[in-house]
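So, here come the structures, one by one.
Okay, so subunit A shows up in both of these, paired with subunit B first and subunit C after.
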Partner chain A sequence: MKIAVVQFPGTNCEHETLVAARSAGLSGEIFRWNRPAEELSDFDGYIIPGGFSYQDRLRAGAIASKEPVMEALREEAELGKPIIGICNGFQILVESGLLPGLDGVNVALAQNVMVSKGEIVRRGFYCAWTTLRHESPPKRCSGSFLLEKGDLIRMPLAHAEGNLVTADERLMDRLNEENQVVFRYCSEQGEVDDEFPVNINGSLENIAGICNPEGNVLGMMPHPERSSFAFQLPPTDARKCVGDMGAAGPGRRVFESMKRYIEVRR
Partner chain B sequence: MKINLRVWLKIPDAEAATVKNTLRRRMGYEAVLADLGKERLWSIEVDDDVRDPMDLARRLARELVNENKESYIATVDTIEFEEGYVPVKVGLHIEDGEAVSALNRLRNRLGFDMVRGVERSVVWKLALKSERPEKAAEEIAERLLINPHKDFYEIMT
Partner chain C sequence: MKIIGLNDQEVEAALRSAGLGLSVSEARSIAEVLGRDPTVPELFNYDTMWSEHCSYKSSRATLNEFLHTTGPNVVQGPEEDAGIVAIDDEWCVVIAHESHNHPSQILPNEGAATGIGGIVRDVNCMGAKVVATADPLRFGDPYGEDKNHVRWVAEGVVDGIWQYGNALGVPIIAGDVVFDDSFDTNCLVNVVAIGVVKRGEIIKSRAPAGAGEKGYDVIVIGKPTDSSGFGGVTFASEELREEDEEANRGAIQIPDPFLKNVLFKANEALFQLTRQEGITIGFKDLGGGGFTCASSEMGASAGYGMDLDLDKLHKASENLPPEVVACAETQERFMLICPPELTPRVLEIYNEDWDLPNVYEGARASVVGKVTTNGRYITRYRGKVTCDVSIEHLTKGIRYAREERPRKTSLSEPVITAPDDLTDALLKVLASPNVSSREHIYRYYDTEVQGNSVIRPGEADAGLIAPVRGEKFGIALSVDANPFYGRISPYWAGATAVAEAMRNVAAIGAYPATLTDCLNFGNPEKPEAFWEFRECVKGLADAAKALWLKGYEDTPVPIVSGNVSFYNESPDGTVDPSPIIACVGLIDDVRDAVTMNLKKAGDSIYLIGPRFDELGGSEYYRTVYGVTGKNVPEVRFELERNMIYAVIDSIARKLVVSTHDISNGGLGATAAEMALAGKGDLGMELALDSAGSDLSADRLVFSESSGFLLECKEEAEEELEKLLKGYGLDIMCLGKVAESPELVMTHKGKTVLRMDLETAKKAWTGGLAEAMR
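Now for the complex of A and B:
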């Protein structure tokens, strides 16, 4: 099972994403955006990692979404192959219309707005550990294939534009009805509160990750590759382990899910 | 009364170059888009009884413009653009945190009590080889310059 970690100019998480994918049993390589796009068909799945593609010029993800490699990824997605976009990768998938994958561009990832007790307490870039609650049924989505509904998963995030907004008043109903909301920000106990710091970026309905209607394309703002090993966990987490450098962290489940999804598709 | 500050980079604008390249090389506008420039536009609502608005504009520019790398033109109540391109104004229709911060900074930290409101936008200046340049500008705005779920655009001719 070979995956491509797609690198754009300004991507900066490609190496640790590949290491995390390998730790879950996947093989793969970093695929630069300017390679012949047709070479993508040699891979079983794709990850668009985090960073600042094209320096976030115009708006995050907008320029990368117009690259030929994205059109090739759209064709691979239509074949059912899994694609996971992490952070800037999620922004690129949104700008390309691959997520939520309905018709055109359906949402925007706007600047973070942290609201507490009715007041804006902070805006813009934020970096912190967060807890995600898995919202969709098991096997609904490639990147959470092995997770049960209600499972909690810890991982960090670091972004300025992850606040999911939409001008389509009916979109949220549709995403909820179709189980396209995959992850929500929640407290460590699993409670969803729409105020900061639980809703860490002001996203509509605490959304941290969504998938397309078919479930093979997932986008998420937090970074599973940064909690794929137990040694990466914060000192306050009882699961932190520095003795065994290969011990799994919670984020690895995302990559293990992708692997299992590919196995099941075969 | 509204003070408008049109601000542009003296140094090469890498963002404008990237947007131009994307439109020409990736989106099929090579024959249509001759050139593209970018300006930031601050529109600042101030009390009507300000005695010397151009002096106030200069003082506001000292706070909002970095003259080491940027130039600006200030106008009062009007905005005029040069001929030869279609100016497309892009702003947020959701709350603009940077504009809110600028308003708070000007009023509460820097003593500009006469400032009532601040709007921030970007003006993309599209030099177009088209019989219907405004139509082409609309298409470019909708295909690339905005995400309609957070941005609006306005053709300013």
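Now for the complex of A and C:
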């Protein structure tokens, strides 16, 4: 099972993402943006990692979404292959219309606005650990294929624009009805509270990750590759120093899910 | 330019109107050596290479006199762009440390960003992967006369750091921030970068052996040269005057982390190619002094000359004068020296594989000339020779013997009446912008990128990364310097900065492997500033010498990299002496490291380090009483060494589960921070009578004498006490971790402090955000 970690100018998480995918039993390579796009069809799945592709010019992800490799990825997505976009990768998938995948570009990942008790307490870039609650049924989505509904997984986020907004009043209902909301930000105990710091970036309904209607394309702001090894966990987490340097962290479930999804599809 | 035959006033006028910083006697000596009038480009080349920034003309003699730069673990001392020490037989850590003070005061965002941009190039060009940065910052008084400007600078600097570092993809794992009115018109922005490289894969920033004889190619890689940063090193070597601000803006470079991100990946492809082919190259970043500095130093350090054609260099505009092309400090550029047979593949890597011309307009790799054996530094432009000088004369610089004179101060110890209850005083100290939680800043920093972070800012006294996947070893990093101590005693400021930086890495269980020093002072032409500089260097050198490298008796901790930043002065005054020290610590297995948050109710709390009447420059004196005082903390070298190594050993033997060093705010702040760093549900009950001193309660709580608090694992008390005694340390068990979220301290049968952690948290987390609002 070979995956491509797609690299744009300005991407900066490709190496640790590939390491995390390999730790889950996937094989793969980093795919530079200016390679012939048709070579992408040789792969079984795709990850668009985090970073600042094209310097976030215009809007985060806007330029990369127009690259030939994204047109190729759209074709692969239509074949049902899994694509996971993390952080800037999520932004690129939104800008390309692959997410939420409902005809055109109808959501945006806007600047973070942290609100508590009716006051804006902070804006912009924020890096911290958070907890995600898995919202969709099992096997609904490629990147959470192995997770049960209600499972909690911890991982860090680090972005300035991850605040999911939409101008379409009916969109949230559609996403909820179709089980396209995959992850929400919640407290360590699993409660979804729309106040900062639980709603860490101001996203509508605490949304941290969504998938397309078919479930093969997932976009998420937090970084599972930074939580794929136990040693990466915060010191207050009892799992941090258990096992060896290869011991799994909670984020590895995302890559293991992707692997299982590819296996099942075959 | 005519110099020979003119009188001093005429030469002075000619130099100034050309925008040169050279003195008349310097210009005359150049003409004398050349035996003719120098050209304008030649004078700019000398101006650059003989600036304080490039030549260390005031500081070199003092640094050579005192600093220990060698040691059993040193692979590369300070003579290259970055220093290198061994981690094990295979891996090495690379470190560089610089200042970017003047640019950050004028244009905070761009100044700080290009500071990060420059320091990561210094590490990368050694063939290393850059794995972490740290940023020691000094700003003015956020509540003083210049508060609005101070806050504008502080905010801009933090923005510049995160916007560059996050986009580049290097985690920021350490740093410190101090607010002090001596920085009102001269902020300090220091930057530290570390990298990892295999011992056999280090690349030198000089022309390789045989380069002159075989006519190796000189290649410039990266952004097209423009006029940005022209005069940067000269600007860094003068006092800041408000009326020059407009003119100085042009001397500030323009950052581009996006291009740097792509360049680093292309560089990695180049390094891989040279390793595969077994070819030795020379590689250097273009930083201060631009093209002239990089090319002349790469040739001269190998004993070769250079013949360079500026027409072949890719430029943003064809209308630039030759001295601007040569001396501009356009960012995101490197210089490569390689055998001609490698050149086509180098050009392919940068110009096609990584597609620089399409990633950034005008960026590429261009062959600009050859290494020669004739010892001349020759540049050509538009068909003419614009510079032809001895490369050795250009690069060896000049030396000045500066005068020194102790600065007169009239500081004294205050007479104070301490309240019976110290709770309010501790809350004030915790809310001080200099003690409060740094969270407001570090949440802007991507501390997680690369996925190697083990201990992040806010979790312990030092950051820790596991930089090589598959390996267990970790690199710890901390930075330190206290300007308030510097104001009282530059010598002890130097010594305490070294001791505290070492304590910080020891507090997580890492042993200090190397130090770097970035020495920030006023105008060295003023004897008091030069005296402060020398005192600091003496103090830090004495401490590095006396604290020893672990495992080696009487062997100093080596100082492998550093930087001197003078002229941090304006007509309003000079900065408090600031010898900022970074310490790299190493630990065999990152999973053995400990953090500072309390772990378990019932565990015993031990104090290491007796309290002395040392509150000069303390947070308590300044925040509660508004005075500086005089009794600055001293470093008792033997005691300090025993404390540091006892703590490292007690962590290695798994006797302690949390540690925190005692510094700003004293024992009181240290205890509070241990309780607040975790979930805030565990407190402490401490009896100060066990601190083994007859000092009053407030002095015990707030003295900044060095030391640690340790949380001992249950039932390991006996073994810990035995270990401490073995190091000749007093046993001071102050109390226990308590189940209630409260910090309680008793003294002579009375409760002198009772603070609930909820209240403490509000004070502690709000202080910095409020100061930067």
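As a convention for this text, the second predicted complex is superposed on the first by the 264 of 266 C-alpha atoms of A that agree within 3 Å, B and C clash if a C-alpha of one lies under 4 Å from a C-alpha of the other, contacts with A are read in each partner's own complex, and residues count from 1 in each chain.
Rule of thumb we're sticking to: a residue touches a chain if its C-beta (ideal position, glycine included) is under 8 Å from a C-beta of that chain, and two chains touch if they have at least 3 such contacts.
Just so we're clear, the structure is a prediction, and the values are computed from it rather than from any experiment.
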{"item": "Comparing the two partners subunit B and subunit C, which touches a greater set of residues in subunit A", "value": "C"}
{"item": "Contacts of A:Met245 with subunit B and subunit C, given as first, second, both or neither", "value": "second"}
{"item": "Which of subunit B and subunit C A:Gly124 touches, first, second, both or neither", "value": "both"}
{"item": "First (subunit B), second (subunit C), both or neither touched by A:Tyr54", "value": "both"}
{"item": "First (subunit B), second (subunit C), both or neither touched by A:Asn12", "value": "second"}
{"item": "Partner chain in contact with A:Ile262 - subunit B first, subunit C second, else both or neither", "value": "neither"}
{"item": "Touching partner for A:Val165 - first (subunit B), second (subunit C), both, neither", "value": "first"}
{"item": "Subunit B versus subunit C as contact partner of A:Val105, first or second or both or neither", "value": "first"}
{"item": "Doubly contacted residues of subunit A, that is, touched by subunit B and again by subunit C", "value": "54-55, 124"}
{"item": "Parts of subunit C lying in touch with subunit A, wherever the complex brings them together", "value": "162, 166-169, 257-258, 261-262, 353, 355, 359, 442-456, 459-460, 466, 469-472, 590-591, 595, 597, 678-679"}
{"item": "In the complex with subunit C, residue positions of subunit A that touch it", "value": "9-13, 15-16, 19-20, 32, 34, 50-52, 54-56, 122, 124-128, 156, 158, 223, 225-226, 228-229, 231-232, 234-236, 240-241, 245"}
{"item": "Interface residues, subunit A side, partner subunit B - complex", "value": "54-55, 57-59, 62-63, 66-68, 95, 105-108, 110-111, 113, 120, 123-124, 165-168"}
{"item": "Residues of subunit B that touch subunit A when the two form their complex", "value": "14-15, 18-19, 22, 26-27, 92-95, 97, 100-101, 144-145, 147-151"}
